[in-house]
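Look at the two complexes coming up: chain A is in both, with chain B in one and chain C in the other.
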Partner chain A sequence: MGKQVRVSGCKAVAEAVKAANVDVIASYPIRPYTGTMVELARMVAEGELDAEFVHAEGEHAQLSVVLGASAAGARVFTGSAGVGVTYAFEVYSPTSGEFHPVQCMIANRTLDPPGDFGSEHTEAMATRDQGWIMGWAASPQEAYDNTLIYYRLGEDPRVMLPQFPCQDGYFVSHISGPVELADPGQVKEFLPEFRPARALDPRRPVIMGPQCHADQGAAIELGRAEAMRNAREIIPQVYDEFARIFGRRYDPFLEEYKTDDAEVVFFGQGAHTVPARLAADRLRAQGLKVGVVQLRFMRPFPTDAVAERLARFKVVGIIENSNSFGSAFDAGPLTAEVHASLYYAENRPQILTFLAGLGGENIRLGAYGEMARAMHAAAQAGRVGDGAGHVGEGAGRVGGGKHVFWLGFEPLGDAGVEHVAASEDGDGGSDGEGGGW
Partner chain B sequence: MPETIKWLGSEAPTEVRIEGYQEIKNVKDAPDVEYYVPGHRTCAGCGPALAYRLTALASGKNTIFAGPTGCMYVANTSYLCGPWAVPWIHTQITNGGAVISGIEASYKAMIRKKKYDGEFPNIICFAGDGGSADIGLQALSGCMYRGHDVLFICYDNESYANTGIQTSPMTPYGAHTTFTPPGPVVPEGKKTFPKDLLKMVAAGHPAVKYLATASIAYPVDLMNKVRKALAHKGPTFMHIHAPCPKGWAFESSKTLDIGKLAVDTGMWTLYEIVNGQVKVNYAPRRRKPVAEYVQAQGRFGHLTPEMTERLQAFVDSKLAELGLLVPIPAV
Partner chain C sequence: MALQPNLIEVTVWYRGVVEGRLARQVTNSLADAAQTEGSYVQAFDNYTDLPDRVYVPCRSYARICPEPIAEPYTYVNSNPSLVVCTDAALVKGCNVLKGIDPGGTLIVNTRRDPEFVLGLVKDLPQKARLKKVATLDAGTAHQPNTPQGGIEGSTEKAGTMRTAAALLGAIAKVTGMVSLETLTKKAPAAAEMMAHGYAFVRELANPDYDPNDTASEAAEFGRRGKVDLIVPAPLPNGSQEGHITGNYRLQRPVVDQKICTACKICWVSCPDACITMVKDDEAAAAAAAAGEADGGLDGGADGAVPAAADGGGSAATGEKVKVNLKYCKGCGICWNVCPLKCIKPVDELDFAGGVVRITYSI
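The block that comes next holds the complex of A and B.
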């Protein structure tokens, strides 16, 4: 048993980086991830962690510094948020393409506009096709564990991919929670020393990142695709190992909460799944069979797990915390990936998308009640493909019915909530604080 | 301030002494083990390729090169192969300085933590003028400022050459590039004067104690400067003049001649800055007019005498700073 502390998501990651005995750290300040670097700077200054702490001149340089350090054989760490994540974009593909398993934490922040300090997943999601492992923590403990798990996964010789462990800005990064720190012995067993098969070592010269021609390119791309597929296969083993050594067992792909008898579920990643659980408890007290499914990895996306396990529900309500303007269903990447994963499934749930928490806005507990009622109404009305499920004013939408809603801007009654909600507890529940508790 | 930069006036040159520096006396004394070997597809008469070869000869086996995008990436690594017998890593054209910072930090940490039992390597970024003075300037500045034990080399062929000769901040006034074509509206082609990269690095980065210009036309001088830079602990910077037959439009057999002519006309000067003291390495007794340099290259073919005079005036002012403004003998 490790030491129990109460720390924020930012500090939890710094503790994990120390536990991982990282060699090179590249810093640049941007809220809300900065707290991790502040803590790491202190650890290095006070001799708690033996690492080179490089003050990069920007995020692009941060990623470039850790790329070079990883290529030379070091275990490395960096991090960013918001526009910092997009500023460094050029370096993401070379990092994964040359198989440097660097770790870059992201504490999510809106892009400009709105440029506020709130959490939104859009900046991280924008990097999802760059060959990096990516997923969200919902608590400081998960943030701590993900840092160790991602190093282990990314440095596996069958994978060798960089990683974005993400945590929602403020909701996770700045709110303290209980964290059990690892014992050195546990870390040593779970995370062996980084020994890359090839590094920039004058005793064994290699050439990294040479230019190739078009007819050679596909093979290189395939190598990266295979590494990502390998990661998907290895993830369950890594979580088994983690549970054995640390005693905390996570579902490797989809964490389920009160889903055994659920008809409708919230589906999301990161911090917003936490109030969703509380909402599910309260809604169950009112007789609504609501569950929560938390996605652990955006990359690799667990297509099979999503298809198999979401098929048992009548309605899946995606909490979409990022925008992809003009994308399928005019929603975000999560919506598109869930729909795509379910295309070949025999039993497809009806899918509603709630664009929620954008700009970092808090999703109030009452809003979960509204969303659950909309899902419940849709469940009673029918299923996608029956034609009967498409109620309301959604004519002309792809799929025939309106199933994407901007929370707080559109009445969820389009999904059939009004008459159902009114008949059950007399509360329309679609205009803000409602929800009936 | 104990170490200020003094642009040489009438002062005597400072003796350069750097611990561990092994001087090459002459060409015959140069090492004969090559670490930049045949097998690339640079153009005939390529100045940058020669600069690479001389640098690698001087730096030897315990060296790591980082190569930002540019001619020395594209022409050297086509078809997934490369001419280096030492480790080499590609960097983006933007971030050579940052990548070598990371390599250096890695070796510092790994040696200290006993994860690496070899010797600390020579770490060299070999960047073009775009990757140094233009899009790569931020990473160069960050690297030099932080004090990493690395050598950043700008091989200067005065243009974005591998993309088909476009202007860079190092392209001289009056040069024809595909982004500065001369025409009735813009008769001179390139309208602006180049940045002074060495001065920028020297003036703004107190951690940098050794800087030098060099030319492929003076190979022993070039190799010795590489060795001095590497022997010096801390960040060092070199700016190497590397004529480009394709981009400057001269015969590929004339690369060394053009390099020498640049020095003889003052279009390029050979000097070092050691601990803030400037030492000019070569001062031609009889300076040649810039017109001679201009007439030897197709890129200046459209220049009028008035434009050549403007270029001459710019060169004169730069030479005056170095105390090299000797008269040009009458023809």
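The block that comes next holds the complex of A and C.
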């Protein structure tokens, strides 16, 4: 069993990078991920970690440096946040397309505007279609574990894909929490040395990333698609291995909290699922059967797990922490993917979306209460499959169709609440401002 | 507060860059000790203060609770029951009592007495919630040190604790939220300084304390309107009301106008354009308007010695140096560049209550 420390998400990742014995690191500062690089620079300077530390002239260069180093067979690490992530965008597709299992942490920060330091998933979500493995940590411990898990997954010969381990800026990156550091022996067992089948080597010259012809394009894309599918296949095995070696068992795709008898669940990824759990406890004390489902991977998206496991609830309330302007339902990418995954399910839950925490805004406990009451009210009207609402009837939704809400800007009462309140008034707490419960 | 009545919040005010480590030593050690004593804890830094700017007032937080903390991911402590300031000028320059829990405590690192500190908070709207004020001379910590990964969400390697240890001892004595024994056990090397703080902290009850003063809190979750990103800009040479920097200042430049030759070297050197050259009569008028020797934030006199019409070279040009104290950071550049050494740094605290306690040696 490893050493217990109390560290921030930034520092936790630095510790994991050290444990993974990374060979090449490329840095460039941007809040809020900078702390990881500060810590890694110190480790390298003080001889704790034997790695090349390259300070790049920008994010595009950062990603290019680690792409090249990975091609030469090095285990590499880099990271960014906010507009830094988008500045490097050009390099993401070649990294996955040429199968370099680069790891680039993201500590989320809003894009401009608002460009404040706050966490919002939008910048990371913008890269979700670039062939990178992507998911969120909800705590420093998860951030630590994800770095190890992602290297293992990405470097698997059946996968060989780059990875974005994400963590909410500030909430995870800057607030310290308990972390159990791994023993070197454990890491060695879980994460073997990186030995790619093909690496740049002057003794055996190869060309990587050549100019392609149109008739090669589809085949190249299929290769990436298959690698991502393989990743989805082997994720459960990787988590089994992780649990066996480190003693921490995560659900590989969907972490569930108090869902056994839940009628309604919050669905989200990353930091906001932590206060959602604490809110669920309080709401349960008031008689609302609330649970929480935390999504582990945005890419590969666990379509089957989402379809099978969300179908049993009456209402799923998505905490949507990023924007996709003009997308399906005018919500965000999470909303579109959850709807798509549930399309073939026989008994579909109602899905409400709460655009929340944008700009890094703190979602207060009272707000979870308000969301839960809206979900509960919708639940009283039943599930989509119960005949409570069908396509063609107010766009298939109970209460006339509105099911996407900007938290704090729109009353949540439209989610079938009036409809229900007339017939049944049993939700136990009607403190609309959510402050007093 | 209403959400979790048993939650104890501790806010430590400190000076950016130079005291970041000190503040984190206090909050981390408090949280550690409380955890050892069986509480759920957190320690974190404010995310929107600007801790990479020298002397900027910043905050570090600890939270202690007998049950799991219900809102672990929050930016600030809304209702601290203990506020600690690493120097008394912070009390003068910031509303350190904002949101303080009724019955709360203020501990200040200063050689001055608790009565003096009470004087500094007398204009603060929530001062009736303050039950106790305590002071301790824990030494100055605001000498430069090398931040080691401590900035930006990481944590540094443990350094030796001096000022922090003394403050922790004082906290144990005044609030009892953790015991001196636990603190000492966690950091045996700092035991002596902790005992010093415990023994020498001076306490004073706030005579204006009113346990029933529970002025209403801002609504925690309200509906909002839209924000327009195109806003009227201040004049290019105007002041930025949203970013007043005068409370960075520990020492204030005071000009001996009798000696000043109006050479304008300070005027051209001030990095914040806080110095203006004004005509004698303008200066006198501004001083009269400000109405007190302390001068208010950008009052005319600003500690300038009352105009001496017959004195020194400035009479030749009829100009005087005027410092805008709303923005002067006390960086010391002006008093270092003045060829005649006629600008002197004076402790900001010496200007409390409009009293200018200064004598010139030249």
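Note that in this section the second predicted complex is superposed on the first by the 398 of 437 C-alpha atoms of A that agree within 3 Å, B and C clash if a C-alpha of one lies under 4 Å from a C-alpha of the other, contacts with A are read in each partner's own complex, and residues count from 1 in each chain.
By our rule, contacts are C-beta pairs under 8 Å (C-beta built on N, C-alpha and C of every residue); 3 or more make two chains touch, one makes a residue touch a chain.
Here the structure is a predicted model, which is why all the values come from computation and not from measurement.
Student: Clash or fit: how do chain B and chain C relate after the overlay on chain A?
Tutor: On the shared chain A, the partners fit.
Student: Applying the touch criterion given at the start, work out whether A:A61 contacts chain B, chain C, both or neither, answering first, second, both or neither.
Tutor: A:A61: touches chain B, not chain C.
Student: For A:M208, using the defined touch cut-off, is the partner it touches chain B, chain C, both, or neither? Pick first, second, both or neither.
Tutor: Once the two structures are laid over each other on A, A:M208 reaches chain B alone.
Student: Does chain B (first) or chain C (second) touch A:P302, or do both, or does neither?
Tutor: neither
Student: Going by the contact rule set out at the top, does A:P333 touch chain B (first), chain C (second), both, or neither?
Tutor: After superposition on chain A, A:P333 lies in contact with neither partner.
Student: Applying the touch criterion given at the start, work out whether A:F117 contacts chain B, chain C, both or neither, answering first, second, both or neither.
Tutor: The second partner, chain C, only.
Student: Have a look at where A:A367 lands relative to chain B and chain C in the superposition and call it first, second, both or neither.
Tutor: second
Student: With chain A at the apex, figure out the C-alpha centre angle toward chain B and chain C and round it to a multiple of 10 degrees.
Tutor: For this superposition the angle at chain A equals 90 degrees.
Student: In the overlay, answer first, second, both or neither for which of chain B and chain C A:G79 touches.
Tutor: Neither partner.
Student: Looking at the superposed set of three chains, what is the minimum CA distance between chain B and chain C in Å?
Tutor: Between chain B and chain C, the shortest C-alpha distance works out to 23 Å.
Student: Using the superposition described at the top, list the residues of chain A that contact chain B and also contact chain C.
Tutor: Overlap of chain B and chain C footprints on chain A: empty.
Student: Could you please specify the touching residues of chain B with respect to chain A in the complex?
Tutor: On the chain B side, the touching residues are 61-64, 66, 73-74, 77-82, 84-92, 94-95, 97-103, 105-110, 112-113, 115-116, 118, 121, 138-139, 141-142, 145-146.
Student: Which part of chain A faces chain C closely enough to touch in the complex?
Tutor: For this pair, the touching residues of chain A are 6-11, 14, 31-32, 34-36, 38-39, 41-42, 107, 113, 117, 168, 170-171, 173-177, 271-272, 274-275, 278, 282, 362, 364-367, 370, 408-409, 411, 433-436.
Student: Chain B touches which residues of chain A in the complex?
Tutor: Listed in rising order, the residues of chain A that touch chain B are 23-24, 26, 50-52, 54-58, 60-61, 64-74, 76, 90-91, 94, 98, 193, 200-203, 205-213, 216.
Student: Which of the residues in chain C come into contact with chain A in the complex?
Tutor: These residues of chain C touch chain A: 2-3, 28, 31-32, 42-45, 47-48, 68, 70-75, 148-149, 151-155, 219-224, 229.
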